[in-house]
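Below is one structure, written out as structure tokens, with a few remarks after it.
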Amino acid sequence: MSSTNKLKILNDPIYGFITIPNELIFDLVEHPYFQRLRRISQLGLTYLVYPGAYHTRFHHALGAMHLMGKAVRTLRSKGHKITQAEEEAVLIAILLHDIGHGPFSHVLENSIVSGISHEKLSLEYMKVLNQEFDGQLDLTIEIFQNLYPKKFLHQLISSQLDMDRLDYLRRDSFYTGVSEGQVNTERLISMLNVADDQIVVDAKGIYSVEKFIVARRLMYWQVYLHKTVLSAEFLLIKILQRAKEVYSGDMAMPKVLSPFLSDEIPVDYSDLLPLYAKLDDYDVMAALKEWTQHEDRVLQLLCEKLLHRKLLGIRVNDAAASREEMERIRQKTAEVYQLNQDEVNYLVFEEIISNNAYSSQQDKINLLYRNGTTQDIAQAADQLNISALAKPVVKHFMFFPKESVQ
Amino acid sequence: MSSTNKLKILNDPIYGFITIPNELIFDLVEHPYFQRLRRISQLGLTYLVYPGAYHTRFHHALGAMHLMGKAVRTLRSKGHKITQAEEEAVLIAILLHDIGHGPFSHVLENSIVSGISHEKLSLEYMKVLNQEFDGQLDLTIEIFQNLYPKKFLHQLISSQLDMDRLDYLRRDSFYTGVSEGQVNTERLISMLNVADDQIVVDAKGIYSVEKFIVARRLMYWQVYLHKTVLSAEFLLIKILQRAKEVYSGDMAMPKVLSPFLSDEIPVDYSDLLPLYAKLDDYDVMAALKEWTQHEDRVLQLLCEKLLHRKLLGIRVNDAAASREEMERIRQKTAEVYQLNQDEVNYLVFEEIISNNAYSSQQDKINLLYRNGTTQDIAQAADQLNISALAKPVVKHFMFFPKESVQ
Amino acid sequence: MSSTNKLKILNDPIYGFITIPNELIFDLVEHPYFQRLRRISQLGLTYLVYPGAYHTRFHHALGAMHLMGKAVRTLRSKGHKITQAEEEAVLIAILLHDIGHGPFSHVLENSIVSGISHEKLSLEYMKVLNQEFDGQLDLTIEIFQNLYPKKFLHQLISSQLDMDRLDYLRRDSFYTGVSEGQVNTERLISMLNVADDQIVVDAKGIYSVEKFIVARRLMYWQVYLHKTVLSAEFLLIKILQRAKEVYSGDMAMPKVLSPFLSDEIPVDYSDLLPLYAKLDDYDVMAALKEWTQHEDRVLQLLCEKLLHRKLLGIRVNDAAASREEMERIRQKTAEVYQLNQDEVNYLVFEEIISNNAYSSQQDKINLLYRNGTTQDIAQAADQLNISALAKPVVKHFMFFPKESVQ
Amino acid sequence: MSSTNKLKILNDPIYGFITIPNELIFDLVEHPYFQRLRRISQLGLTYLVYPGAYHTRFHHALGAMHLMGKAVRTLRSKGHKITQAEEEAVLIAILLHDIGHGPFSHVLENSIVSGISHEKLSLEYMKVLNQEFDGQLDLTIEIFQNLYPKKFLHQLISSQLDMDRLDYLRRDSFYTGVSEGQVNTERLISMLNVADDQIVVDAKGIYSVEKFIVARRLMYWQVYLHKTVLSAEFLLIKILQRAKEVYSGDMAMPKVLSPFLSDEIPVDYSDLLPLYAKLDDYDVMAALKEWTQHEDRVLQLLCEKLLHRKLLGIRVNDAAASREEMERIRQKTAEVYQLNQDEVNYLVFEEIISNNAYSSQQDKINLLYRNGTTQDIAQAADQLNISALAKPVVKHFMFFPKESVQ
């Protein structure tokens, strides 16, 4: 086949090169479902704060697959058996782990297809692809669902040290230019090991893991939960909610978006998936641009604000705003923009954001000592700071038009 | 003003930070005309080959301004007088030098607004902004048009060693991951100087300039003129040409794109500019996605191919293909796709690409020796290779459906 | 003067270029006392573990001066007045802060000139240079001794966020390749500020400081206190102690080293400084090579071990080894090497190492909030981990010949 | 053996990690002959110009071995058979290719052991080690001498694209900070191939090879043949020549250096090698420091100049200096320093330096096209500049005390 000669090696500014290891994976990458990820940005609207952050789910998925290859080689070199079939399965599982993501990554999940997580959709797409590829993804799906006996393989795909995180932290740090978030993926992977069918880290890697956890925490507060990023993303969520509310058949927008705003979203996956697979960032942004001319005051206003980067103001607090303050700002907003109380909800609202850099509850990161024992890193000597980081940090974000607080 | 507290410093993965130097420039950056550049990719469809290449004109313009600040500081430190007003003017000129770029950068120029260059449009936008900002861009425009007495200031904006090139080569190399194209901008700028009102390079920088020219040549053949990139870009050009040909009022597409496909493009700039300012990559891509359902066979086919990355095949030769071969491929294409001769033109065509890495004709790069004399780098001793690089390389690219040559 | 044309710009793999800002500083750099630092390695014998770590005090001093220039520009841009004379003084102070370092940096202090710290010697050298340069270092010395009214200037030279640390952490991380220790010096400096005549950090820099503290902790345990590095350094200390003990006038060694091993070290600085200024790493290493042929069993053995990298074994514990275990190992060593009890002390010994990544006691790092208040970073909300890091970690290192524990 | 647990992975600032692949190689690395390379700087006195350039032959040898591992994996993945034994042999050959280097790399060859090249010495050391290791280096030696049937294996060790060059160009560029010399070793290696038992480069790598050749040319003129570097190195050569001339038994110097300055250098390798293996940079530098007190005016003067970096002035010309000018400078020097005509030769001399960045004569770099044909890169279309670079550049360097031309 001629296809086997093309595109075997891709340039990656981070790892240098990413090699497509075999023909099945090549064909999956070529599939329109996967190519769509070229049009799904990894960090949504983060580029409004970090102008370099336009990288896509496509690139991240390939990067995570590249790291998976390294992880497999490392574990084998330490004597852990991973068959050829298992290797292919984990490579495909990580490649496809995000294939269910919608436009602007997490925005749709939080607005118009609110009942369905991207993980669930990713699994459904894997099943469809499995049919197309004659069952070659059976093992992939088993591992992805954590139904396969060798549990450590699933942990490479989903855990506190999985290849997903290792790639996205490094990649997001690289493209945003927030160099404090940089993670030495190569070193971390070189210290992975397996004990009791669990992924663990060789004890000498203790400081590298510590650095990883701190870098992750930093990326959360400086990028993923950056207040201006949140302001842009919630604005987009409100836009889609409002569009759904005022939806009519003749509303200007790309045809593929229409079913998701009407009440006609198919309940059956076999109907939903082909429709959903046509959606990408371009449709949402094109709709938003059309709606800057929409007759609904609220929708038009929200779209204008996002398009020209006139975002809502934000206040961050340890506790919720007082009812009085909230009411005062709502009142002012109603006056300034001539809106009723329902409409004000789109411009003034509060969100609670919680994050802990490390969790000892689920999938804790265990260190493996030379004597064969393992220990949660947060319990290891000298790691008081890690247990400190395991406590969740909770913040209250209040959003409002800047004009309403002057 | 509250605006002065926001967005003074931007993260840049390449330079670390870019500082917005003053309020006028801050307000220009905030202007919707400039914010639009966030939605114009720097390298068009290059991301289909180099999956990291999603960076935008917005980022490039800021990067070039950052380098301009460095260049001004360097020249001043070597005793060349540049007033505060001149500094602001060159900073603004380089910031706005690309503001006239349309969707996918060069594609529109080569299809639907074919009579108008982006440089001309940039100038017109500067004039409009000058009015809005009460004449504060007078000096910018004078320098941009090379009407200002100190000619070297214009050369910082437009010449073989201008800040535009220094930023885009470095940035494009960074985001594509083609590290051979990397240019040490910091070192090159540190060796800039002025002699006889011309930008020159201190003689000790001879090897750095040589490296710069070779890196530029490399970026041309590995990125800008990469055969698969060209295949994608010509496909997009053909799509827009075909869309124009089959245009009808009820054709699905974003409203802002419509006037450019009908015959209603305004001839008067005061009418054209506001329309053009609403266009960006999202409109073109959204239209293309709609047209995958269009009734015109050719348009539908071209859009399908681009969306799912089933690009045209390419042959690169030193001479044009023979008339016979061309005819044979056209014939085969007509059969395979059931097209008439006119329609085949959209799928089979030839383009001539010419490039020389260095030109001794215009704006040659002069070295400044300690004794005060200057010399074209291509004439300098030991630089036989530079004069070799000044000869243009001409290649013939033939494009065709892959099925037509099997 | 011809000297002004030379060496104004130095290449630095880390910062790109380091510019020598003026003629006085150029002449100080050219002075033999400063040139000597080219022959004093920054990290002593660390290269036996990290083979890239050959960088010198010379390079570090220039790097720290480079950062000082950035810090001064940052503080001025935030409205803090620093005069031309003050700028020159802090640049010189940081340039010369390590000029009193002896061979292999800290080794001599801990062996043959044990009563005298390198800080004290640096000050004495500054005084001598001040005489040579006609009092031009008056202000430098005042600031270095913290006798100058503007206290924040001294903190740029010596505090938990001084330019010394910022350079050495970054530089040591770079040359060892321990990338987890990398510090974003540019960002940290950009967030420095002054409040109440103290260096503080803008509150938005909270995560950058956190990352800095974690990186520092990591460098301590992975580099500065790496057990194999300590094994090599203590071996060298033991060598010099033994050489002093068995010293005789006809012992083979470079002439300049001789006075420091005899009992003839001058007590008067005016006599000591010229002698000390002739000593560098080459003398110590050349002596060590000679002593691999020395007749004293112990000295010869220690030198052999270090030269051929047959280092002592190490055990790291939270508590001291038991008296019995110590005695058993000493006994075994005495047998294997046929040594008496005094001699065994050179091969079997214990050292206590203590380190805390952050100290809230002295020179704490204060954050500056927008409302003008300041707060110790360890007290700031969400920073439980920093206060955890302020607790000292104490470890007991036991050293012994590997043959003695088999 | 306990040794197998130590030092299996080394940090490298360039490649991240270097893994020691097996026990034989580990034992070779541990051998005192190889450990000596820790004390032989890669770039001699280049650090007097580029203060970061202290890296050693030890690190380079390991780096080249690391690249060799990559090259072997690449060639195997393209279907070329390389046995386990052959792989080990080429790894060892490149590891040991510089083991015969003397202090300051090339200086000794050009002064006191002038008849013997380091390549010849490397071979002799391999033979000695082969005996020690019971013939395990047989195949290594066969390949090193190019006596093994598979010729392409030798080319990986010695040719215009060998692993030696790939590592040293990258490493020297990294440590000097001359970023223009940076070479993308990973990409170059990924495009290596074998045709007709010769190492070739896949045709698509044409621009990468071009960049490599230009980078190499740049490193020559900016680093290896930098005029100040040459001034320092020739000064050291003159010092050793003079020391040999005025040699006496009681001259102060490390004992191991003495035989090389007397006329007692053994002619037999079995006697020479153990002596030579004790020599390193520290001995030469320690001797030089002693001789700043030597009674011979010329020797003392040369040593002073080098130690305090008061180097000779240099003039670079396309032709030799005129006899008159030379005589005038010699005369002036004789007066200033009160020297006779013979003595003046140590301070005033001329050297001819020739370099060509690429050679089509020997081991040319061939491109491999898809149709299986190969072609010298200098002959390939568009590569006029490469053939230009194949012409040697010849320069005349005149050295003299700066005082003699004022």
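As written, the chains take the letters A, B, C and D, and residue 1 is the first residue of each chain.
Here is the rule we use: a contact is a pair of C-beta atoms (placed from the backbone, for glycine too) under 8 Å apart; a residue touches a chain by one contact, two chains touch by 3 or more.
Just so it is clear, the model here is predicted, and its values are computed rather than measured.
Enquirer: Quick check: more C-beta contact pairs in B-D or C-D?
Expert: Between B-D and C-D, the larger count of C-beta pairs in contact belongs to C-D.
Enquirer: If you average the CA atoms of chain A and of chain D, how far apart do the two points sit, in angstrom?
Expert: 50
Enquirer: How many angstrom between the C-alpha centroids of chain D and chain C?
Expert: About 32 Å separates the centre of chain C from that of chain D.
Enquirer: If you average the CA atoms of chain B and of chain D, how many Å lie between those two points?
Expert: 43
Enquirer: Which chain B residues reach two or more other chains?
Expert: Residue numbers touching two or more other chains: 16, 179, 187.
Enquirer: Take each protein chain as a node, join two nodes whenever their chains touch, and name the resulting shape: line, ring, star, complete or other.
Expert: Topology of the interface graph: complete, with all chain pairs in contact.
Enquirer: Can you check the complex and tell me which residues of chain B touch chain A?
Expert: Spelled out, the residues of chain B in touch with chain A are 2, 10-14, 16, 30, 32, 35, 38-39, 41, 47-48, 50-52, 54-56, 58-59, 62, 174-179, 252, 254-256, 278, 281-283, 285-286, 289-290, 293, 307-309, 402.
Enquirer: Any idea which chain B residues touch chain D in the complex?
Expert: 179-180, 182, 184, 187, 207-208, 210-211, 214-215, 217-218, 221-222, 318, 381-382, 384-389, 391, 393
Enquirer: Which positions of chain B touch chain C when the two form their complex?
Expert: Of all residues in chain B, those touching chain C are 9, 16-17, 186-187, 190.
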